Amino acid sequence: MNKIKTEFLGAKVSSPLVLPAGVMGMSFSGLNYCVENGIGVVTSKSLTLVERSGHNGPVIAEFEGGFINAMGLCNPGIVEGLAEINEFKQHSDTPVIVSVFATNTEDFIELTNYVNKSQGDFIELNLSCPNVFDEFGIPLAASKDKVAEIVRAVKEISTIPVIAKLSPNVYNISEIALVAEAAGADALCMINTVGPGMLIDKKMVKPILSNRTGGLSGPCIKPIALRLIHEVYSKVNIPIIGTGGVTNGDDAIEMIMAGSTLIGVGTAVYYRGIEVFDKINQEMIKFMDEENYASINDLPKLEKLK
Amino acid sequence: MDERYTLPIAKITKETEDINTYTFKHNLGAKPGQFIMLTDFEGGEKPFSISVCSETEFSVTIKRIGDFTTRLFKKNVGDLMSFRGAYGSSFFIHKKRVLLVGGGYAVPTFYFLAKTLIENGSEITLINGSRTKSEHVFADKFATLNIRTINTTDDGSFGEKGTSVDIADRLLEEEKFDFVYASGPEMMMKALQPVISDNKYEFLFERYMKCAIGICGNCTMDPLGIRLCVEGPVLPKEKVEQLSEFGKYHRKPSGSRVNF
Amino acid sequence: MNKIKTEFLGAKVSSPLVLPAGVMGMSFSGLNYCVENGIGVVTSKSLTLVERSGHNGPVIAEFEGGFINAMGLCNPGIVEGLAEINEFKQHSDTPVIVSVFATNTEDFIELTNYVNKSQGDFIELNLSCPNVFDEFGIPLAASKDKVAEIVRAVKEISTIPVIAKLSPNVYNISEIALVAEAAGADALCMINTVGPGMLIDKKMVKPILSNRTGGLSGPCIKPIALRLIHEVYSKVNIPIIGTGGVTNGDDAIEMIMAGSTLIGVGTAVYYRGIEVFDKINQEMIKFMDEENYASINDLPKLEKLK
Amino acid sequence: MDERYTLPIAKITKETEDINTYTFKHNLGAKPGQFIMLTDFEGGEKPFSISVCSETEFSVTIKRIGDFTTRLFKKNVGDLMSFRGAYGSSFFIHKKRVLLVGGGYAVPTFYFLAKTLIENGSEITLINGSRTKSEHVFADKFATLNIRTINTTDDGSFGEKGTSVDIADRLLEEEKFDFVYASGPEMMMKALQPVISDNKYEFLFERYMKCAIGICGNCTMDPLGIRLCVEGPVLPKEKVEQLSEFGKYHRKPSGSRVNF
C-alpha cells in the first residue's frame, strides 16, 4: 500500500482515492465506513446555511452507462453538518473536504466562517450543482466573473485550503479554471455531474425523476471528465481532484495520466459495492507492479496541450 | 441494471382503516425482509417491505402516514404505479424453532418470511401484536398457515392483552427458541432486545431512504456507517448490538437527526 | 407497419426512424442498405465545399455506454456527395436529408445553391460538430447570433425545407432553438454528439483518438437528448428529429414522448447490427399494440414546460 | 465492448525487403480471413489480416506502403503497438478439395486458413503467387504444412512462371475443386472470376476502413451497401457477382471514388 501513498496540498493521504461530495457523506459514520474500505480522503455532502430536505423521490434513475440523480442538495445545514465532521475527526485522521453550496458570495463567506471553526481540512466550493436549476438557475461555475468573485472572497478568509468544484457543461473550461486559480483556489475538483439529463416512464408518460432532470454520473461520463481534466491540467499549476465515472483501477490510472493528483470515486460504490475503494487501490497497485512504477507519484502524465 | 417496472395495481385489500395491501402481477424474485421503492411519479418514492411474494404476484402492505401514502390510498385497482427492487438484505432462514415478534404495519412482511420458513421445515411461533383490534393486521392470513400464532393487543381488544414484547418475555421464560426475528416499531425492538439477549436474532429496521442503492448515504446507521438499504434493512444481532442510534434517533430527509 | 407511418414537413415516411448524418451515409449504397433494413428517412454524411479526408485513425473508441468518435468531417465534397444522393434517388423514393457543414454564412449559401440543384428533400445545417475544434473552434450552434444569421441566409434561398442541427453542449438550448425557428428553420435535429470526451491508452500514455477528443454517442447520451428535446419541444412549434442513444423501441418511444416527430438511430447500428431499424420498428409496434395506440401519431407527449 | 489491447511487439520476421511479419503474444480468438485494426497512436490505424493465430500468439504480415506502414517498419521488438479486433467475416471452412489462389502480401492470411482447413480434413492446393522472387512470401512456412503448394512468379524467378490466375486456369482445366478461395490484388481476383465462374468461391477484399465496426460507412461496397468491415472482408460468390465496383473503383478516406 506504500505505492499509493501521496500528498495533497501538504496533507499525507493513504490512497489517492477521494469520496466525492454527495456520496455517502451524510453522516460521520458513512464517511468512516468508506475509510474502513480504503478511501484516502472524504468529502462531506454539500452543506448549505439552512437545512434542506432535497427533492422528492425518485431522486435517482439508472440508464446504460450511468445514473441521473437530483438529490436537491439535501443536507442538515452547515452547523449540524460540521458537527458530523467533527465527530468523524474524533475517530479518524483521514483528511476531510467540507463541501459547501451557496448562490452568492455573502453566503459563501458565511459558510466559510463556520468551516473555519470546524475540524475540516479543506473547503470545497460547489459552484456546479446541475440539479437546482429551477430554484437557482445556471450553475455559478458557468460564469468566469462569479467564479472569480466567490473564490477570491472565500480564499481571503479561509483558514484552510480552498478547492473549487467545476461544472463540465461549459465550452471554456480552461478559462474558468484559470480564473479560479488566479482568484486563489488551491486546487480544483472536476467534474460535477453532466447534463443534466432526463428519463421518461413511457407507460405513465412522466419524467422518472420528480425533479424532472438530474445530472449524469457513472462510467459514461469518464471520457468527458478525462478531456476536461487534461485541458485544465495543461493550463493551471494547482492540483486537480479528477472525478467522474471512475469504476476500476484502469479508470483511476487514466485520471492520473490526464492530470489528476487525487481521484474521486462516487457512483462506482453502486456498481462494485462499498469495497470498491480497496478494489481500486489493489488494481492500481497491480498496474504499477506490472508496468514497474514504484509510486503513484511516478505515473506519467499525458503531454500538455499548448 | 436497476430495473423499473410500471404496472397497474392488480388488487387492493383493506386490512384496517389505515392499512391496505396492494398487489401487483409481477415476478419480483424477492427474499423475505427485502423491500421495493414505490412511486406514482407525483412526488415521492418510498420503501415498503414485501408481504406476499410468489412467481406471479407480490404485495406490499402499507400504512397511511403522510403525503405519499395518503395519495396512494386514493388510488384504485388498475391505476399505474412504478416500482424498483427488490432491495436490501433478507432474513436468515433458520430451519429449527423460531420466534417471530411483530408489531403494527411491520407484521405482514412476516407472512412472506413464515411461508419461506415453512418451506424450509422451521417450527414457527408468531407473535402478532398491535395497539388495538381495529389496527390488527393479517390475522386471517396467518391463520391459513399451519403455525402457532399468538395475537395480542395493548388493550386486549383482540387476542391476548399486552405488547408483543410482554408475550415474547413470557414465552422465552418457558420455552427455548433457536432464532428470533423482530419487525415493528423501533421502540418495540429496543424493548425486546434485553429480553432476547441470550438468543440469536435479526431485526428489520426502517430509516428514511432516498436512493436505495447505497450511494446517497441517507440511511447509514451510526456508528458503523452501514447502509440500511444495502447491508439492511435486516440486521443481525452482532450489528444491532453495536448501533448507537438504535432506539435513540434516526435521520430526516435532510440528514438531520431526530430523536424517537 | 401502418402504425408507424407518419409525415414530416409534408413528406410521407414509412417509419419515423432517421439515419442521422455521418452514419452509413458515405455512399448511395450505404444509404440504400439502411432503407432495406427499415429506415424511414436517410441523412447524408455532412458535406463540405471541398473534399475532406477527415482525421487520421483511430477515429473511434468505445467506453461503457457509448463511443467517442472524431471522423473529422470526411466527405467527398458537395459535388460528389450530391451525386451519391442523386444515384440513391434513382432507386428509392425514401426522403433524403442532405447534411452540410461550413464555418461561415457564405459557404453555407454556396452549399445551399448546390443542394437546390440536387434531388435532396431536406437540407440540414450541421452547426454542431464537436470534432473540429482545433481547426474551426467552438461549434456555431453555441452562438445565437451565428445560428440566426446562417439559418436566415440559407432559408432565404433554399428550395427545400431547412433543418438546423443543434449542439447539446450549451446551457441555453431553448433560446438557441427559438432563434433558429425565428430565422426560418422548418425543423430541428438534436442532438449532435456530446462533450467531446477523451480516452487514454495507459500503457502508451496517449489519447486513443488521433484527434485526441471525440464526441460521445450511444445509449449514454439518451438522457441528455431527452432532456434537451423536451425543453425545446416546450418552446418551439417546429418538428424535432430526436437523436441520441436510441437503441431500442423503448428509447424511440421515449424520444417521441419527449417531443420528437422523427427519431435518429446512429450508433445503435453497432450494438444491434444493420437490422436495428427493423427491430426498433417492430418494438415500437409491439409497445403500441400493448398500450392500445393505433398510430405513432397518437403517442402522447410529456407535458410541456412553462 | 470493443476491446483494445496494447502490447509489445514480440517478434519481427523479415519476409521480403518490403514485407514484415509482426507477432504479438495474445489469444486473439480470430477466425481465418478476419483482420485487426493496428495503431501506434502516432496518427493512423489500419486494417491487417491475421496470418498466424494460436491460443498464445498471433501475427500480421504487412507490406510497407505509405505513412503508417513506413513508421511501423522502423519499430523494434519490444515497442508497444495497440490493436482491436478481430473483425469481420471469415472464410467458410470447406472440408473437401479446395483451391487457394493468393497473390502478394495477401497470401499470408492463407497460412491461418490452411491450418484451419487441415484441422478440418480438407485437401488443399495453394497457389502462392507474386511478381518476383524477392517479393515472394511465406513459401517456407507453407512448406512446413503437408499441403500441395504451387509457387509462381510473374517473371519465373521463383517457382513456376506466370500469374496465380494462369496457374489456377490450368489446374481447373485438369482437376475439380469443391471450393476456391482468393486473396490478393483486386485486379488479380477480377481476372480470376471468369476462370472460376463454375466454382463456389470466396474472395477477401480490401477497402479503406475507418471505424471497422460498421457505422461510418466508408467501406460499403456498391451497389449492395454491405460493409466490408462487417459483412466482409470475405465475401461469397453470390455477393461478389453483384458488386458493381469490383475491379472498377474503391473509395478514398473522403469517400470519393478512385478507379483501380
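Each chain gets a letter, A, B, C and D, in the order it is written, and its residues are counted from 1.
As a convention for this text, a contact is a pair of C-beta atoms (placed from the backbone, for glycine too) under 8 Å apart; a residue touches a chain by one contact, two chains touch by 3 or more.
Just so we're clear, the structure is a prediction, and the values are computed from it rather than from any experiment.
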With subunit C set aside and all else fixed, contact clusters read A, B | D
Dist(centroid_CA(subunit A), centroid_CA(subunit B)) in Å evaluates to 36
How many angstrom between the C-alpha centroids of subunit C and subunit B? 50
Averaged-CA centre spacing for the pair subunit D and subunit B, given as whole angstrom: 66
Could you put a whole-Å number on the gap between the CA centroids of subunit A and subunit C? 33
So which stretches of subunit D touch two or more other chains? none
Of all the residues in subunit C, which ones touch at least 2 other chains? 64, 203, 206-207
Chain touch graph shape: choose line, ring, star, complete or other and state it. line
What are the touching chain pairs in this one? A-B, A-C, C-D
Counting only contacts in the complex, subunit A reaches subunit C at residues 63-66, 68, 138, 142, 169-171, 194-200, 202-203, 205-207, 213, 216, 218-220, 222-224, 226-227, 230, 247, 250, 253-254, 257-258, 287, 291, 300-302
What residues of subunit B sit close enough to touch subunit A in their complex? 1-2, 4, 6, 37, 39, 41, 43-46, 80, 82, 210-211, 213-218, 220-227, 230, 251-257
Going by the contact rule set out above, which residues of subunit C touch subunit D in the complex? 22-34, 36, 45, 51-54, 56-62, 64, 69, 71, 74-77, 80-81, 84, 91, 201, 203-204, 206-208, 210, 266-267, 269-270, 273-274
